[in-house]
Amino acid sequence: MRNFRKLATAVAAALALAPAAALAQDAAPVKIGIVTFLSGPAASPFGVPARNAAEVVTELLNAGKAPAPYATKGFGGAPIQTVIIDEAGSTTTQVTEYRNLVQRHNVDVVIGYVSSGNCLAIAPVAEELKKLTNFFDCGTARIFEDGSYKYVFRTSPTQTMDSVGAALYVHDAKPKLKSIAGLNQNYAWGQDSWGDFEASMKQLVPKVEVKTSQMPKLFAGQYNAEISTLLGAKADVIHSSFYDGDLEALLLQAAPRGLFKKSTGILSAGETVIHKLAAQIPDGTVIGARGPFGPYAPNNELNRWFSKEFRDRYQVPPTYPSYQMAQAILGVKAAWEKAQAANGGKRPSNEQVAAALEHLSFEGPGGTVKMANGKGHQSIMETAYGMSKVVGGKLTLTNIKRYPAEKVNPPDGVKGADWIASGFKK
Amino acid sequence: MDQIPAVIVDGIFYAAWLFVAAVGMTLIYGVMKIVNLTHGSFYALGAYAAASLTGAWLAKGYPPMLSYGVLLGSAVLVSVIVAPLIERGILRFMYAKDEVVIMLITYALFLILEDTIKLIWGVDPYFIAEPYGLLGSFDVGDLSYPTYNLILVGIALAAGIGLTLLLRGTRIGKLLLTVIHDPEVSRAMGINVDRFYLVTFTFGSMLAAIGGAFTAPTVSVVPGLGVEIIVLSFAVVVIGGLGSLPGAALGAVIVGLVRSATIHYAPEVELFVIYFVMALVLAFRPRGLFSLAEPRKI
Amino acid sequence: MAVVLDARDLNKHFGAITAAMNINAAIEQDSVVGLIGTNGAGKTTFINMITGYIKPDTGSIVYQGRDITALSPREITRAGICRSFQIPQLYSSLSVFEHMMMGLGVVLRNAGLGGYFSRGRPNVPGHDAPAEEVAERILKRFGLSGYRDKNAQVLPGGVRKLLDIALTMVAKPTILLLDEPTSGVSAEEKFGIMDMVMSAVKAEGATVLFVEHDMEVVSRFAQRVIAFYDGRIIADAPPEIALTDPEVKRFVVGGALHRLDEQQAAPHA
Amino acid sequence: MNRDRTLPILGAVMLVVVLAGPLLPQWALFLVTIAIAKGLVALGLMLLLRAGLVSFGQALYYCIGAYTAGSVGRFFNVGDMLVQMIAGAAVAALVAFILGFLLARYRGIFFGLLSLALSMILYGLLVKSEALGSTDGFNVLPSTVLGIRPSEAWVRYVVAAVGCGVALLATALVYRYLRTPLGQLAPAIKDNEIRVEYMGTSVRNAIHAMYVIAAALSGIGGALAATTVGHIDPDMAYWTTSGEFIFITILAGTGSVVAPFLGAAIFGIIHTVAFDLSPNTWQMSLGTALLLLIVFLPDGLWSLFTRRKAA
């Protein structure tokens, strides 16, 4: 019993200490909970670039070193303080940690979540706890198609946009194509990406032949057999929503076998690897960045500021997860300050910030973000695709085509799948 | 049916990879009766060591053809350093515990090693693409395959045949079989059981590291690399019969061929076909395909 | 006396090894039968066939007029044939008393008592007392009361042997098969153990078959001796006749000289 | 160990939770409820562990319980916690009853690995079923109790209290089971199966019964987790989830029916503290903590309560 009491005391002390350690700073800072992958295979492509972006952006905001309209220090003058949590583990873990963030660390806003499953799980909890929560990366369209929320927002576009944009681009670039094939990870993101792409292609090219749809396991790592099948299928175009680790393995294994030389590859999340694997990506491969990010970002002051600061600090250019994180923070800042102004300069409540963010249109390093869908909670943006061309060992993008937000996103209140099925009309 | 050659070639390549990755697990279980989850850590360690050392080798402009030696060397190096540390430092104090408890200890060690790897190498991916393309390609029908894949087949054969010869044909092998049969009696007979355990653990881990090292050129080396390989190795080793070398080989070939056939003919079920095979084999051969008969008890 | 167990033409081969050949034996109610023979002669195989652990290739075993050849060990136990083991089969994590309670629990359960919803302390069938009382009574009869709360793992060899046998008594067996009840026990203890076992068994009233290597023990306790050699029965007679049979003398009694290696094997459970 | 006081102590603890609940912060109530849900699974694993069986696939029933609870809401629009838990237990028990005919033949590592394979097959099937949301899973209806929907301020408390009540009932039933002859067979089966058969009872049936009970407990746990978290996904059947349950069970020890709940609570706290103090290296903290616990408390956390008596 005595041993146990000791243990209990230690545990209680540790629990009490943890939030206290993060507390000691000047008065009334805005606490932001940042949740993203810090361990596991999703850390390197998404989690860590996003965390880095969060760190650089919040620091610069606190120092008042951001260009207009974000030049005010912190959030409306109040310094920003971050609590960073790993997104790894089950959704049960994530809901637990979310509750800890909100109720034990008393954060004011939560920005985070790469995994669509986590986003779906967190959304109702955010409503229950009445805590402003902005999903920065996850792609599933189901969040706002299936539910309606007051406190939950997503400043990044959905995966529907990526797939529709990819189909439009392929159709524009290769009007004579006759067959397509797919290579997507066997989980919701991969299945939805392929589903929307296939449906869109069937609208654009009614007679298109689907040669094969390969769905290897997530993080399988070995793709010889899939590559053989795709080589045998001889489709005009191969669509893949693979990302980082898996995408890199795929490109490394596909390059010596000439897969993407024989069929045009369209890599809807390919942007995160172009700096690392230029030699393995044959010219003419279609590269997406899940929106107007990275190489597709507009040449405006915000983008110049963000990419320079990020590059100076981390020696690599920011990829789309970094853009999405920056955009998510800036969006909340814009709404916060708008609400503060409406509140007579006093610190706004979560409800006021949420109301201000609804239907807001703001600028980010990726251009204009319109909170147009999901009753004002889901952003739409323009998107862009281009083709790779290696010049002097560096991968550049040519034939870049931009598609306005309304052309690649369904109207508010219409489900993506229905919209595609109606021939992009409804 | 023109896909059949491709199914077989793809299946063999996958089987070779699986065998190299998994055979160490069956070896360690066979000798020490430990279900070793740090197997995944050694796979990852091998990949990381190979990626960084071979990367440095190539960056210095040394002959790329020798990079295969560097791959092997880095796997040997990292396992010779880390495996004895774990076996001598922690595991040997645990042998008296229950099989499951030892497994949990290796799970705890696996968690610790995951973060250790992250602390050493960070989260950014490592690539060493060069060795994969260096040897050119060969054709099967109208499909071309990088010759590199044959190296893995070679390593798998060497490991399988080498281990078999070692166990069957040498004095050390015979002593090892004695240790496997009854460690207590062996100890009483003056056999240095501790040393056998140390060597077995190191060697088994080394095989995992070699698997990781030779996989490194074909993938991006990222955190979490070693997780999947644990269950995959489990499946292979269990299908074959825990502790059986020919079993592991047969298990790898079965899983490789089934998986490859699935990808070619029914890609949608690839996700769980391995577990399905495992459940099926266990349902009919409760102790795997190559299992020793249970001794009579009364 | 009535025949309670009848083995008819039992044959069993393991590959090239003959474990039983044309075994015929009718065992009479309340008799005490000694089974003798060298190691591998077929004594334990005979016991294993009676208790269903090994199925004969041909032949049948009839118990109280019922063919039990195809039954499993547990069904045969339930029918009233219990056995002890050459190497005591105990539960290393349980105490002596818990062993008895475990066994009595099974007896209660097989009688439809002691289920999830039953309350109180029902009498154990055949013993007419609640389980705790029966347990104490049996332990006392086997002289084990002093070890009541000791863990089975720490018991000395002779006590393990006794507990192994005592455990068979919980089910009130009709036939009791004792596989080398005195092996692994020092020469001085042998008679003591057999005396205790026999008196306990007599009190409960059971037919006994026991495997034994010590011919003195056999001649003192058995009313009838069945001698095995190479899977066959070479003699079946009262001890004074059987033990003087020249074949038995040559193949069995002489074999007693080799008992050393057997005792070595015994401690390995 | 004084077995007779187990139930009163458990009841008292539950009473304290129920009475002190309104004073606890919501995050703590949530932690408690999740610990109860996982503790129920661990309790089932403990039953199997007593007989020497370790299931590496108990997440199968946890996941079945959770998906049953979720489906009851999704397809029949029933959000009642009690209905969900009963349905979860029933479906899990039914599946276990069928699979038990196969699994009861297995022992040791093979029992564990076959369980693992079965749970991974369920995982694969769920990932492939887009009607159930594939890997993203789906949200569970907000919890109601006997048709009443608690207000948001009270919902955590009500869920925790109902969870406590159900867990107490289940634990009491298990406690009683452990004192029946069937329940007491478990250690005997672990020690010596042959002798158990020669005592006249079927090891296979006893294991089958244990397996079904363990599955039902896991099913309740899964349903409780589903309604507490509000979301379910196939990861609930993944092998890492099973690994966590085994860890909790071993951590707790098999000394008492209360131990698994204690183990689950401690595991949750270690996990949360590790997440807080070292977000980048929490795996290392968790691994180290667990290693130390195994080394210094080889008989599980429960031995803290019994050590004094043993000494």
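Some observations on this one:
Think of it as A, B, C and D in the order they're written, each chain with its own count starting at 1.
The working rule: a residue touches a chain if its C-beta (ideal position, glycine included) is under 8 Å from a C-beta of that chain, and two chains touch if they have at least 3 such contacts.
Predicted model, so just to flag it, every value in this text is computed and none were measured.
Across the assembly, the mean Cα position most removed from that of chain D is the one of C. The chain pair with more C-beta contacts between its two chains, of A-D and C-D, is A-D. Chain D has its Cα centroid nearest to the centroid of all protein Cα atoms in the structure. If each chain is reduced to the centroid of its CA atoms, chain A and chain D end up 35 Å from each other.
Centre-to-centre separation between chain A and chain C, using Cα means, comes to 74 Å.
Taking the mean of the C-alpha atoms as each chain's centre, chain B and chain C sit 49 Å apart. Inter-chain centre distance (chain C to chain D, centres taken as mean C-alpha positions): 43 Å. Under the contact definition stated at the top, the residues of chain A that touch 2 or more other chains are 38-39, 186. For chain D, the set of residues that touch two or more other chains comprises 127-128, 194, 240, 280, 282-283. Of all residues in chain B, those that touch two or more other chains are 114-115, 118, 227, 268, 271, 298. Chain D makes touch with chain A in their complex at residues 25-27, 30-31, 34, 127-128, 130, 133-139, 142, 152, 155, 225, 229-233, 235-236, 240-241, 266, 268-273, 275-277, 279-280, 282-283, 301, 304-305, 307-308. Here chain A touches chain B in the complex through residues 38-41, 43-44, 47-48, 186, 212-217, 219-222, 224-226, 228-229, 231-232, 244-245, 248-249, 252-253, 255-258, 276-277, 279-280, going by the rule given at the top. Touching chain D in their complex are the following residues of chain B: 35, 90, 93, 97, 99-101, 104-105, 107-112, 114-116, 118-119, 227, 231, 234-235, 238, 242, 268-269, 271-272, 275-276, 278-279, 282-283, 286-288, 297-298. Those residues of chain D lying in contact with chain B across their complex are 54, 102, 105-106, 108-110, 113-114, 116-118, 120-121, 123-125, 127-128, 194, 239-240, 243, 246-247, 250, 280-284, 286-288, 290-291, 294-295, 298. Within the complex formed with chain D, the chain A residues making contact are 1-4, 7, 11, 14-15, 18-19, 21, 38-39, 84-86, 90-93, 95-97, 99-100, 102-104, 116-117, 120-121, 123-125, 128-129, 140, 142, 147, 186-189, 191, 218.
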